[in-house]
Amino acid sequence: MISFAVLGCGRIGRMHARNLSRHPRARLVSVFDIVTKSAADTAAELGVTAAATVEDILADRGVEAVLIATSTDTHVPLILAAARAGKAVLCEKPIDLDLKRAEACGAEIAPLNATVMIGFNRRFDPSFRAVQQRLSAGEIGALEQLVITSRDPSPPPIAYVRVSGGIFRDMTIHDFDLARFIAGDITSVYATGGNLIDPDIGAAGDIDAAMIVLRARSGALIHINNSRRCAYGYDQRVEAFGATGMLQAQNRFATSVQHWGKGGTGTRDTAQPFFIERYADAYAAEIDHFVESVMTGKPPAPSFADGVAALKLAEAASESLRSGRAISLG
Amino acid sequence: MISFAVLGCGRIGRMHARNLSRHPRARLVSVFDIVTKSAADTAAELGVTAAATVEDILADRGVEAVLIATSTDTHVPLILAAARAGKAVLCEKPIDLDLKRAEACGAEIAPLNATVMIGFNRRFDPSFRAVQQRLSAGEIGALEQLVITSRDPSPPPIAYVRVSGGIFRDMTIHDFDLARFIAGDITSVYATGGNLIDPDIGAAGDIDAAMIVLRARSGALIHINNSRRCAYGYDQRVEAFGATGMLQAQNRFATSVQHWGKGGTGTRDTAQPFFIERYADAYAAEIDHFVESVMTGKPPAPSFADGVAALKLAEAASESLRSGRAISLG
Amino acid sequence: MISFAVLGCGRIGRMHARNLSRHPRARLVSVFDIVTKSAADTAAELGVTAAATVEDILADRGVEAVLIATSTDTHVPLILAAARAGKAVLCEKPIDLDLKRAEACGAEIAPLNATVMIGFNRRFDPSFRAVQQRLSAGEIGALEQLVITSRDPSPPPIAYVRVSGGIFRDMTIHDFDLARFIAGDITSVYATGGNLIDPDIGAAGDIDAAMIVLRARSGALIHINNSRRCAYGYDQRVEAFGATGMLQAQNRFATSVQHWGKGGTGTRDTAQPFFIERYADAYAAEIDHFVESVMTGKPPAPSFADGVAALKLAEAASESLRSGRAISLG
Amino acid sequence: MISFAVLGCGRIGRMHARNLSRHPRARLVSVFDIVTKSAADTAAELGVTAAATVEDILADRGVEAVLIATSTDTHVPLILAAARAGKAVLCEKPIDLDLKRAEACGAEIAPLNATVMIGFNRRFDPSFRAVQQRLSAGEIGALEQLVITSRDPSPPPIAYVRVSGGIFRDMTIHDFDLARFIAGDITSVYATGGNLIDPDIGAAGDIDAAMIVLRARSGALIHINNSRRCAYGYDQRVEAFGATGMLQAQNRFATSVQHWGKGGTGTRDTAQPFFIERYADAYAAEIDHFVESVMTGKPPAPSFADGVAALKLAEAASESLRSGRAISLG
């Protein structure tokens, strides 16, 4: 049984708090949010303590692990403080918008031997995981091409876009990690895109549609396409093409119902609305993996280094977008 | 090269005439229809002769085979006349609405050694045929259950319903033959149904929706469902469930396109409009099989006896509908 | 918050106990099983009391509701005892193997005004429920045909078959309830089947493959097919065909992964292994509905009367199997 | 009725000759091949003349149109000679491996007002065409992303690779044309790839796997992936993602049969073996469009200019592959 505190009681923090409160080997002890009401509501719902300060939580010897779901700019200081306080850390992505700052954080925590995991939830999706495992087991031979489709249902508020670090650091970073999870080390990044959806996003200096091509050290070619809007829901698919076959992970649907009528046949539900519903199983499995890591001492994956590596790809993508060139990495 | 005449230039006769005119080993010589204009139009379109009488065709030594696509009541006399004239015969289903008359016809032609084939086109559908062949090859073990879905897009005119012999002889007869093709001899028939679609069909003494359960000599159980109306097109499917697996033949679609939108995802085309489009490949393959039979002397299938057997099942279904009992056969 | 005891800690009882212990509005208090170890294990796992006797549970004023998951022959006495003790009851299907005994039980509990629900879990499957709701909402017009496919992965032990009451009371009873859920009152039952899978089942006087045709009061035709063995897993599907369209609920799969290789394309996972996995969501929703009923006083569905009605259909099916006739009901 | 000669009786030339001989508004008059036997065999099969020389054909006033299916290096001289002789021309892709030579040819034929069409067959695939038409009709709003998957079943002979002009001019050129057909003018090309399949292809200076990203003048982003080998057949798919929905054209299959077994469920046939089977309908529709053009004088599409435009994209892709930069066009 691992005792937890959750820092940040927004949408995703509250979801994690609920998952922790249901987990057979986890025990939620306390929650914190700078918005006092959010923490109080979550604490009341789940029958736990709303801590007055982060310091209270870090000083609490009854808390073994913290889950960080606060705003991105607080990730680095909170990871550092928690690791120094001897807590295991599960931190939402990204580590930071600034690669150097993330690397510096990594250097600081390295000697502490803390258990630190970054919340790239997609690695825990049962279907994406099955693709990775069946590929590793040799079911389709060597990977040659990987196509990741990742389209959000609708753009975030402009206020969020402005502080998001841009689409590559905010959204594509999940796809970069998924690419690394399935295809291994990446050696080259080409990215392009445009402002096709919402002029305000362009005015805020960002793009809202992107296409990226990566090359893996293995030689495998990888394509990612992103859109900040998708009429039919949250579109999340993976296609792994290998020497002897292909594995596709399709979207998930609320039901298995198909409609046949004079307007067309075989019509399924729309895709899941967004990440909370689409990745419900993945978030639960992510917690499970982290708890297992803390209990066994086996290092969790994705690790802090994985978080840095994804950020490096996001940075390279930004540079490629500016320059029109493929950017070589290591 | 086999030379053909086509008797009957309605919708289906004209389709056969076109198929014959395109077939590399067939040569269409002449056509006939009691509606002179129909014969003339077909003859003009395909550059062949419009015969003035059936007798002219049967007397023509340049005609080796006749395809009979006239109204059902003329099938028996035309089969007899053609067989006596030494022609090979491909006759549209059903042989006749009256089982005894069909059997008498069979007895008369037996000594003539004529090549006679009945046009159960579905045996030649590439997908249904693949199911039958893969089942025969042992791919799913012994057949245990067969489910045939067969729904017409819309009811025929009431005038046609009145002379059709009822849904079992007119429509289900195809499914009976398909059941025999896949599951072999049938030993029991239960049928029920109702007048769910068009009150005029009920007033004409027929039903427009039916469910049938057959038992094969092998022990396999068979379900057929029929509807005279189907909102999404012509629904034609087969599911063969065996000891070690299942084979399903799905509907066919004009394109492979799927639409994803806010009303639903994966929407395909409607099913094909009706038999001419749905079974285009099957009709061509049917002609091919008949030509091959005539050229090689190998008996065609479905044979005249298959036509009689399907009619027997239709008769048993009618009796079951009246009595509410399963009817045993041989 | 409703406090519960679970009677019967076999496979399905334990699953229910776990669901109750996770439910936000339920509280599991105690469990019982005649096999003391089963109760003790379940109690230990979930941190509740293992009651020494059923009487202890029924006498416990801290228990508001009992979930009965014991062997079928104990259902009637336990329902009666629990209802008399003022407990709400959720009882696994079937009520009893004997229709008269079930009806007598119904007559006895009627004046007690007890909340009694029968555990037909399939009504709570999100996809089947969506079919029922979308049909009710008029999405495909009036229901004309309903096809229920229901195939178990492998036969139960012969010892179980002998006391099961036969396939219709044991297995098809779920499909009968589902048919009533979607199509309403049933007025006619035809059933046939055979011993196609395991000769021992035949020797025990039962069949292992069945096809059933029902007619609903509305005129709708219903087909059910059952098999005690299915090579590709637990096959559970529903097709509702209406005047203006069709709704199909397909199987569920552990992942959305498809494999493409030289042996074929688009290969999905096998169907779920069996009911625990296939109906995980349904069992949770069933508990939820029951808790809601107990809390609000709104009668639960499926009711005791639904349990009796399904048993009546099973009885009629047995009679039809013997006689070869369709059996009329009310 | 348009009278045709076919130049080149290899695999694709013979297929065209057969299609012409079946076409209701075309008449095949003669064929030619530098391999005399190929021409003789085709002529014998179809009952036409095997011309001794191209000059004979061009001098034949009974020939209105020529279909050029000879080796690529002869396309330009044959187009010129045929256009000068007043024949309508349908020429297989590519026009030439050298862009300047193709452009010079275009300049020479411009004043001749000849009907010249380039054989980009995919525009005539019923599913790809439906995607283009439904997109044009506004069904999914403005196009934002287009993903073209195009994988050959197995690499061509090395001798062919050496003279092919490289994967972009030989294989991707079809995808470039399809991209233009659906997304319009292209303004930027990025291409990368590798030698993942056959070392001999690398030794011959070519790649055998490629990923390309294009930008259209409209702002739409386009991804193409190519492989010279595909374990499950000839993989040809298109996904058009727009502001209000998505259209996908899936692969085609020989039958609609799905297999369910203990190794997996829903297994379809492999994809079609290669272009002759996959694009059978498209080749027939291509001929039809060309015949229609010649008869009506309405310019055919894809035009000679479309052939040049696709070649320009292939050239830009080669340059991008070398330089690692996106190449801007017009």
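Observations
By written order: A, B, C and D. Residues from 1 in each chain.
Going forward, a residue touches a chain if its C-beta (ideal position, glycine included) is under 8 Å from a C-beta of that chain, and two chains touch if they have at least 3 such contacts.
Not measured: the values here are computed from a predicted model.
The fewest steps needed to get from chain A to chain D, moving only between touching chains, is 1.
Compared with chain B, the chain whose C-alpha mean position is the greatest distance off is A.
Interface comparison, B-D versus C-D: the higher number of contacting C-beta pairs is recorded for B-D.
Averaged C-alpha coordinates put the centre of chain C at 57 Å from the centre of chain D. Rounded to a whole number, the gap between the C-alpha centres of chain B and chain D is 40 angstrom.
Among all residues of chain B, those that touch two or more other chains are 140, 231-232, 244-246, 251, 258-262.
Across the complex, chain A is touched by residues 231-233, 251, 253, 258-271 of chain B. In the complex of the two chains, the chain D residues touching chain B come out as 22, 126-127, 130-131, 134, 139-140, 244-252, 254-262.
Chain A contributes residues 140-142, 144-145, 147, 149, 151, 188, 190, 192-194, 196-197, 209-211, 213, 215, 219-223, 225, 227, 229-232, 241-246, 324-326 to its touches with chain D in the complex.
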